[in-house]
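The following pair of complexes shares a single chain, chain A, combined with chain B in the former and chain C in the latter.
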Partner chain A sequence: MAQIVLFHYFPRNSILHDMDGRVKLICMILFSVVISLVQSIPSFIILTAGLILITLLAARLPFITLLKDMKYFSILILIILLVNSFVIPGRPIPGFPLPGVTIEGVMTGLMASWRLVLIIMVCAIMTGTTSLITLKNVVEWYLRPIPLVPETRIATMINLTFVFIPVIFDTVSEMLSAQKARCVEGRRNPLKRIMFIAFPLLVQTFRRTEELILAMEARCYSDDRTRAVFATTAKDWLILAFSVLFLAVILFYPF
Partner chain B sequence: MGESTALNLRLTVFAALFTALIIIGGYLSIPLGAVPIALADFFVMLAGLFLGKKWGLAGAALYVFLGALGLPVYAGGKAGLAVLFGPTGGFLFGYMALAFVVGLIASQKKPSVLRNLTALIAGNILLYAFGIPWLKTVLNLSWEAALTAGLTPFIPGAVIKIIVAAAIAQALLPRFNKSIADNAEQPEDEEQ
Partner chain C sequence: MSKPNMPIILETQNLTHVFPDGTVAIKDINLQIRTGEFVIVAGANGSGKTVLLRHLNGLIRPTKGKVLLEGEPISKNITAARKQIGLIFQDSDSQIVGQTVAEDVAFGPENLRLPPEEVDRRVKTYLEVVGLSKLAQQSPHVLSGGEKRKLAVAGVLAMQPKIIMFDEPFTGLDYPGVVQVLRQLVSLHQSGHTIILVTHELEKVLAHADRLIIIYQGKIVEDGNPQEIIGRSEQYGVRMPLGKDEGVDAMTWLK
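Entry: the complex of A and B
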């Protein structure tokens, strides 16, 4: 996980980096919704081209490096394609050696996996141009008007969750190497194997959590925190308007 | 001595830990025959057992929320509203129900194996009661196909996860409750 750069933040000086996080989140949600709605091949191609342009020009993210990391999703994409090819009923492909593969199935599978790739791209652009702190502040801002929702508490939990993920990954890899050295991998019994992962993992992470709680208590942590300040400029509204226009054309123009 | 803000902070941090564990659980899987067992729902069960209904639900809900925001937290690095309302979305909502029900039934001072097992089984039934009709509706499957795709391959894994979750709760809950309460009210009964 530590080697994957796909959803990491890249500090850059670009249009999307300077954008107000609140507006950026809306744009991201709009893109995801449109991606899950589009049906025709031309609209897919336009969306892909648009996202590649955004990655390169508006966000200035290292496109080739991100593309390489897509390999972590390749198995998932392949599975989606294969399952759809075999499961969806339709006409068989003439002259294709494998029986059971249908034209409709391949098309549906292609669309579904393409859709997944596009959504991954949108997520990568969002997380690549927005630091986790900003994202947390944006979420807090949107939750503020909702009654009965402890927005500061939720923001703290989001932060803590992302503090814990690398801690847990370190613990897991340490544990797995220690167990490999003791030939635990030879065990076939799944009950024992879950036990051997879960038990030490929980004991270790509980201990680290205790330390963190102690540190927070020692610093008098409370929910009364300074709120983040946001500023929206005309550029942000322009980008939002442009995104809405672009997505509306893709969605409603009959390709 | 157990004032509510200190307790609240402890449970907040532990709920965040369980959210992180659920996320990691989606990446960890153990081979069992042909079907790999992912550990996400296993940690959801533990969240219910360890944190109780309120904070267990908070941990699971935060997981679903982070994924909906577009962070790649769902199993296999997936994310977004498309997944949440896609074929397997019912299971994600089911996670919240699972954590809540497990916490509701199991939540008590002294851990009892029978009670924890009942809670886990009830929670799992609810999880699939959310997941399978959803799968059937979204993909337009017959009941038979939905059960074959969504339930049958996962039964052995679910049984194993329930057993291990109950065993872990038995071993670690006394210690956990003691550290949460942070006072001497909790008697030690580790020999059970």
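Entry: the complex of A and C
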């Protein structure tokens, strides 16, 4: 697996790490909403500066390392920019060699990709400062009041998915090595080679799942489990209030 | 030496299981296990050892017969029975349900709906017991084979069972791994747990057992003092340990 750290959890001691995950999730959603609403360049700049400061100071995340991982999104960003530049009607750029590129298009494209980068930053801050377990518990907490939604089961499913991902990757790499040892490279047809992995993988995963269900039953699994406890402190409310204020200024001040 | 003075904790009566495809996996198993006994169940591959264990904590329902825990049929309160009878599966990978070592140990106590402080206390205690405290926040995925098995033991111990069953706990372990698991087994037995251990690697552990049961084609063919039975084991596909001349006492990898 490629060593992407962008959405990894970094165990640290920081204001955001200590925050109540439920409040943090609300802040994250507020930020994302404002990011998708802003229109002017100054508000974009202030938001960016704000998020960089939060990453470095409030979350104590390795900003440069995270920034490097943005390269995985570069193609997507480029596509957004290009498509917008050509598709949005408007005035052509004087002296620009390619016909069809408009000033309005480039501006919209720039803002759209800037938005994407900012939202990725928000997500990276959230996942960087919140362990998957907490994230799962937060989701479970928010689903609790919704009727007919089996929140414990959903939380267990989220959890098991994350448990299984590395196991599946390992199984695949093991199978690949085993097949290399039997000269699978001699096979030209890539479809065949995928099948050689896909079928055994499916069989193995099903077998594992069956065992896992039994193992969970053996440990008395039930939907009625101990629930995670959350504690909201004055600090959480302060951060929420501050976020709301900051975002309101960006959204409503006529820059 | 058996423990004739102790009360019978677990009993099976005419336990029989026929799979839908007609395979008779176990047939008329009558067993009485006393509190504090260390019982080894041996038998060739496919002789029905795993199926038998899975009946004892109700993961598989018998076609005929029943299982009694302290005189009561386990089918009356299956969760209570599973809490008392811990099972450590052969494949440690497929019984890991936590994203971290600590979270995996918490799974059982959480299912029992213990208060969060009690869950935390048990996680700490039993990680300490198996010697994994330092790895508490690690992903279980990165543990060695021996450590994974210790984690499985901690996960079962955290439910504070009276009986602990191990399904082929030495499979896939290197020498230090086997020694670690063996130490665990012996110390669990010394602390008063009833141990039921399935294995065909008698030379690693037989010295510690009070009793040896041999299963052959789904039936109990030998049951009693290891010293008396061991000489007849080979006709049932269980390899005679090499140290026969030195007696059963030498059959351990613990020095």
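Following the convention adopted for this analysis, the second predicted complex is superposed on the first by the 217 of 255 C-alpha atoms of A that agree within 3 Å, B and C clash if a C-alpha of one lies under 4 Å from a C-alpha of the other, contacts with A are read in each partner's own complex, and residues count from 1 in each chain.
In this text, a residue touches a chain if its C-beta (ideal position, glycine included) is under 8 Å from a C-beta of that chain, and two chains touch if they have at least 3 such contacts.
This is a predicted model, so every value here is computed, not measured.
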Exercise. Which partner does A:Y221 contact after superposing on A: first (chain B), second (chain C), both, neither?
Worked result: both
Exercise. Just chain B (first), just chain C (second), both, or neither: which does A:C183 touch?
Worked result: neither
Exercise. In the superposed arrangement, which partner chain does A:L98 touch: chain B (first), chain C (second), both, or neither?
Worked result: neither
For this session: Applying the touch criterion given at the start, work out whether A:V139 contacts chain B, chain C, both or neither, answering first, second, both or neither.
Result: first
For this session: Determine, under the contact definition given at the top, whether A:L212 touches first (chain B), second (chain C), both, or neither.
Result: both
For this session: Have a look at where A:L148 lands relative to chain B and chain C in the superposition and call it first, second, both or neither.
Result: neither
For this session: Considering only the touch criterion stated at the top, classify A:P11 as touching first (chain B), second (chain C), both, or neither.
Result: second
Exercise. When the two structures are overlaid on chain A, which partner does A:I194 contact: first (chain B), second (chain C), both, or neither?
Worked result: first
Exercise. Touching A:F73 in the superposition: chain B (first), chain C (second), both, neither?
Worked result: first
Exercise. For chain A, what residues appear in both contact lists, the one with chain B and the one with chain C?
Worked result: 159-160, 162-163, 167, 212, 216-217, 221-222
For this session: Could you pull out which chain B residues touch chain A in their complex?
Result: 5-6, 9-10, 12-17, 19-21, 23-24, 27-28, 30-32, 37, 39, 42, 46, 58, 62, 65-66, 69-72, 76-82, 85, 157, 160-161, 163-164, 167-168, 171-172, 176, 179
Seminar exercise, completed: Within the complex, chain A is touched by chain C residues 54, 57, 59, 79, 82-83, 86-87, 89, 91, 93-100, 103, 107-116, 119, 137, 139-141, 155-156, 159
Seminar exercise, completed: The answer for chain A against chain B in the complex is residues 1, 6-7, 25, 28-29, 32-33, 35-36, 72-73, 76, 115-116, 119-120, 122-123, 126-127, 135, 139, 153-154, 156-165, 167-169, 172, 190-191, 193-195, 197-199, 201-203, 205-206, 209-210, 212-213, 216-217, 221-222
Exercise. Which of the residues in chain A come into contact with chain C in the complex?
Worked result: 11, 131-133, 159-160, 162-163, 166-167, 170, 208, 211-212, 214-222, 224-229
